[in-house]
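Handing you a structure now.
Chain nomenclature is as follows: A, B, C and D, assigned in order of appearance, with residue numbering initiated at 1 for each chain independently.
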Amino acid sequence: MDHEANMKVVSPEQGGMLASESRRGFLKLAALTGAVAAVSGHRALANGDIGYHAKDLSDDKLVELYRTILKIRWHERTQADQMLTNPDYRGYNHFYAGQEAVATGVCATLRNSGPFDQIDLVYSSHRPSGHAIAKGVDIPKMCAENDFRATGLNGGYAAEMHLSDPSVGFIGADGMIGPAPVIASGSAFAFRARESDQVAVVFAGDGNYAAPHFHSTLNNAKLLDLPLIYVMENNLYHQYAHYSYSCPHKDIADAAAAYGIPSRVVDGQDVLQVYNAAKEAVDRARAGGGPSFIEAKTYRYYNHWGAPGAKAGELGAFGYDPLAITSFRPEREVRAWMQRDPVDIARKILVDWGVLDSARAIEIEAEIKAEIKDAFAWASEQPLCTPEDGLKHVFAEGTVPARQFG
Amino acid sequence: MDHEANMKVVSPEQGGMLASESRRGFLKLAALTGAVAAVSGHRALANGDIGYHAKDLSDDKLVELYRTILKIRWHERTQADQMLTNPDYRGYNHFYAGQEAVATGVCATLRNSGPFDQIDLVYSSHRPSGHAIAKGVDIPKMCAENDFRATGLNGGYAAEMHLSDPSVGFIGADGMIGPAPVIASGSAFAFRARESDQVAVVFAGDGNYAAPHFHSTLNNAKLLDLPLIYVMENNLYHQYAHYSYSCPHKDIADAAAAYGIPSRVVDGQDVLQVYNAAKEAVDRARAGGGPSFIEAKTYRYYNHWGAPGAKAGELGAFGYDPLAITSFRPEREVRAWMQRDPVDIARKILVDWGVLDSARAIEIEAEIKAEIKDAFAWASEQPLCTPEDGLKHVFAEGTVPARQFG
Amino acid sequence: MAQKSWMYSVLEAVQYEMQQDPAMTWIFELTPPVASNPGKPVINLETEFGRKRVVNTGIDENWMASAVLGAGLAGSRSATYIPYQGALMPLQVIQNVAGKLRHMTGGKASMPVVWIIEMTGQSPGFAGQHSCYEEDTYYAHIPGVRTVIPSTPYDAKGMMVSALRSPDPVVYLYPAGLRGLTGEVPDEQYEVPLDKAAVRQEGSDLTIVSSGAGMPGVLEAAATLTTEGMSVEVIDLRVLKEMDTETLVNSVAKTKRLLTVDQSYYTLCPGAEVIARVAENVDGARYKRVAFPDAPPPASPEMFLWMRPNADHIMGAARALV
Amino acid sequence: MAQKSWMYSVLEAVQYEMQQDPAMTWIFELTPPVASNPGKPVINLETEFGRKRVVNTGIDENWMASAVLGAGLAGSRSATYIPYQGALMPLQVIQNVAGKLRHMTGGKASMPVVWIIEMTGQSPGFAGQHSCYEEDTYYAHIPGVRTVIPSTPYDAKGMMVSALRSPDPVVYLYPAGLRGLTGEVPDEQYEVPLDKAAVRQEGSDLTIVSSGAGMPGVLEAAATLTTEGMSVEVIDLRVLKEMDTETLVNSVAKTKRLLTVDQSYYTLCPGAEVIARVAENVDGARYKRVAFPDAPPPASPEMFLWMRPNADHIMGAARALV
């Protein structure tokens, strides 16, 4: 199916890239070759169809992408280790490890700081830590929040599934499957109504496809030309079910394209492919060109929730297979996807492009690892919540009465 | 877009028709020519793409189609006249006049009598009178029901928007937009689970497209291969809004085809076109071939509800234009559609085919008109309801307590 | 100040706020935001503010409700008018997202949104889905959302102003049966608080509590009972969440007799909450509830009108109680 | 008879009915209908009855609930297990179609369907949508649907049998917090009525009424209060619609003290209905409600556990009342 229904693509061959002054123009071929090699058996998704916007990024910005990916990765690994080794640790997560390039590539194309009426908004899911970090949420405060601390990002009310920080445009996590994309379309509606060039982005899993809200979101986004970017992270599974249990499409992007929405399938393990597709979508939305749909094929290294099957100090989870699950993912599938690791792919591109050398790349990783360790340490020293505060924040002002004492 | 995604069509040119023993084979061309002429400016929808199943119908069955169309038509006209002229008459309707060929053509392909576990089920909408008559509901009892009589089809509890008669497989009207198609898919699910060859049909308006339930229905019907036939009566408007206000597709069938569901657009004014498409869908569903979607382009002659703008003794409603409605249909559009009247088209085909002569056709209409008049007369003599009976039928047994007296 | 219809009063409030705030939006489905009133200019929000701010959508009440929520989260005040047929389509998103989001985010989510949820006019003849009156309970059980239900054009305007200006999400229930009411309504904006019941009539023998579409029957009954010599105190709840317990308790502490009147189904109708709150705080009072039976409304006017609480029912119950 | 877990007991009931009735279906989403129990064969409905009858669907609880309704209307008994995250996604179709359809069709619609609506386990740490306990009220307000909420494995099985055999649609609320309970449960099918509360303990000083996940705390509190010399009558509602008024009224007529306990939000919790019903019928009694405050549940265990009603709260309230 044609995903280009209503869009004009500036392909790299048509000036988009050749006319660029970027010193990276000549490097592109090498990078592409690298990427394609890395894809191995897989189809090289969307490569070459999209303007190669990432080539114009400054070195700093490219390194920033790499750092963001690493922050997410080490947040996940450090937290998993906490859960596995520290009996006092109470936090949990729906781990994002394996999918880092998606959040990173998308959020790098957004306005993440400034006045609230100018920044772009991100709606996340029940798997929010990667999106939150990529959008610029304060990591120590997030760690404290996930550990139910009074000084956490959301005062200990939220924990992982409701992380929120409007100051960076992170509207937040959402524990439900279904509502977030529709609500995000409402933000996009407001942008258009007030003639702002802000965009709204929603990250949603393949599980969202079957929800009735999927139709509402895409239909209204198309009808009203909303500046909404729907990033479908197709990690192949919702909970224990392969997405083919709930979706007749191989590419979920086909479903979006049917509405006449420009839709892309990208390799979600390659941050620059994600960046390119997101940049195209954001540019279109800001220019009044309406919604876009990006399906990033990706994979999570851990199980749906928490760290079952994981070992401290090791990446990923294996050998966890709850009784009688209809459709449990095969371990070899996990291992195969780990061959195409978003951290490795990003590092290789930066090294190939001469932005970094390997030694510096490794040094950066060590810095990030330490930064995250410190964040968890800081979080663990934060105060616990005051019970009575549970009666606050129901409404903007005041508290509600206690009722549990009769 | 290709509506034929997953289906094999037996076109009339390929044996489907030529091999037939029907004496009507040679008449087909004439009829088609007639129909095409009648379509005038409009695209001759789906003509010739579908096996011409209707050619094999017996004379009796063909006359039956004509009679059914007339029953619906005269039910609508008689009731409208009641509303306009009889101050004691309390009934109302969402008039179906103009759309008769759709219900008639579809229901003629269904099993409408027999044990409940063998007949086909029809789910209707807030505009049910045509579907009810075509499915075989007792007309006098329906008239009594619409007039709130204790001996009405549903004891006076239902009135128009909840008419129901499972004994003929008419699961019934539904006052809501959204739920009925999903529920119908559940009946289809039950048929498949119990290995029955029954089919479930849902009639839904263009307004249903935007409801989130649309996605749920089609997605699950496709995934589970359900014997569900979704008949979308696209009469161009939902209430006062043109369907382009809520749907980005010109043919709503495109939306269904995107799921991989065999989808057809047919001329809803031509009962035989509708019959052909429905027959194909029913045959497929019975054979385990899964769901179909039929979009019938049609039009209603009255306004959304009741008889505003209508004159006693005249067909259709004109000149009613409530204040400040966003998108009110133009009167000339009504007149244009009335040129292609389903009664006229059906009659012309039967006369062309030599099944009837004009005199007999007119005689039949007079018979039907009298039959309907008698039905209303009978209904008007039926007893009113007993107030206390409102406390019955909440559960299968017993009554609930009165609470209005304190 | 002029005699104004309900809808005109409400749209006057909305129009003014939209004129002041160019970011504010309105989403509707069937009912164009248009109202006219003798001697007043026609209000038509769609033509005045254009289709980017005032949009006519498809039949998807969950989208409508979710979209205004998203608009609010993006910093734009927003309101939507949900027709009664779809009155509970948005319940889940209001209950599970909007009502919880401020709290779940430790106060970070701001939702200056109003959902006008139409309730049916309870016209006889339509049955089930088109005559019911039940949304009050569903919405009032949700924490984090202010659920209000005006019963006069004056309150309808004042509470709309307050709702639109509130940082809290507001479910503004609107019983279509009150459409016919007119009243003296000021031209300028004014606020009616979102947390106070109104004592419509003072008395000492009996307290009658109702709300929304129940009020006309209660006022009618109270007038007759008063002429019969009964001293009736009439309270219009106006606010279901947070319910104004104090006004209720003070009244029944005085009258020692409480009659609640609801058009909603008996089980878990707002009156049940009223009685429970009072019973926890007042000793030795007597109680009665008038409500619609726990049955869907039937089409037949004979059955329906017998079941729907009316002034006669209320007077009968009052006499039995005092 | 054997010691059995809650889920095993329920699936035993379902398995038997599905063996007897080849048309019966089961629709699930996350939770495969599988249970094991020491000394008993594993029950796996999906492998036993095949994917045409037992289907694992996408995340669309409204479809699941609507599909079993459609199956029921087509004459096939059908049940679905709705996970707590989607517990109110199907409310609208149950409220506006299923609950009304028999009545709206003058008795013609038959709906032998069961919606098992999971309620959260109220585990601390999850906040808002994953720790709430509120569905009881929403479903109990619907006429035409029997809403039940067992609190023991014995009742869980017996009420499931009754629900599956009932010609009425049944909302079978299942508080996931009771998952850990085990009890003596017969192997054969038996029915527990869908309209009777259970008196769990007799007493004369005070009546405590609760249901579902509230029951363990109530029983614990009652045991302690009993050892302290208070004579406590404990009633497990079991059925929210139609609520068993008689059992409630008889008890409070005797004790003259009523304490209701709900994990649901205070406003319009089932206890409000219990108090209102009793207050209409018993004079001179005293009342108290223990409930979750009208606030979403926060993530922090410190806040959450303070807010969620427990045995200590119940004992405190009981002592204050008697």
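Observations on the structure shown:
As a convention for this text, a contact is a pair of C-beta atoms (placed from the backbone, for glycine too) under 8 Å apart; a residue touches a chain by one contact, two chains touch by 3 or more.
Keep in mind that this is a model prediction, so the values were computed, not measured.
The chain with its Cα centre farthest from the Cα centre of chain A is B.
Inter-chain centre distance (chain A to chain B, centres taken as mean C-alpha positions): 47 Å.
Our note on geometry: chain B versus chain D, Cα centroid distance of 41 Å, whole angstroms. Multi-chain contact residues, meaning those touching two or more other chains, occur in chain B at positions 156-158, 162, 176, 210, 212-213, 216, 219, 223, 245-247, 394, 400. In chain C, the residues that reach two or more other chains under the touch definition are 57-58, 60, 62-63, 89, 92, 96-97, 101, 103-104, 127-129, 143-144, 242, 288-289, 293-296, 298-299.
Interchain contacts join each chain to each other chain, per the touch definition above.
Residues 88-89, 91-92, 95-96, 99-101, 103-104, 127-129, 132, 134, 137-138, 140-141, 143-144, 241-243, 264-265, 267-273, 275-276, 279-280, 283-284, 286-289, 293-296, 298-299 of chain D touch chain C in their complex. If you check the complex, the residues on chain B that touch chain D are 116-117, 121, 152-158, 162, 164-166, 171-172, 174, 176, 179, 182-195, 198, 200, 212-213, 216-217, 219-220, 223-224, 392-396, 400.
Of all residues in chain C, only 30, 32, 34, 36, 42, 44, 46-47, 56-60, 62-63, 85-86, 89, 125-130, 259, 266, 288-310, 313-314, 316-318, 320-321 touch chain B in the complex they form. Contact residues on chain A toward chain B in their complex (touch as defined above): 210, 212-216, 219, 222-223, 245-248, 254-255, 258-260. Touching chain C in their complex are the following residues of chain B: 90, 92, 148, 150, 156-159, 161-162, 175-178, 207-212, 238-241, 245-247, 323-327, 384-391, 394, 400-406.
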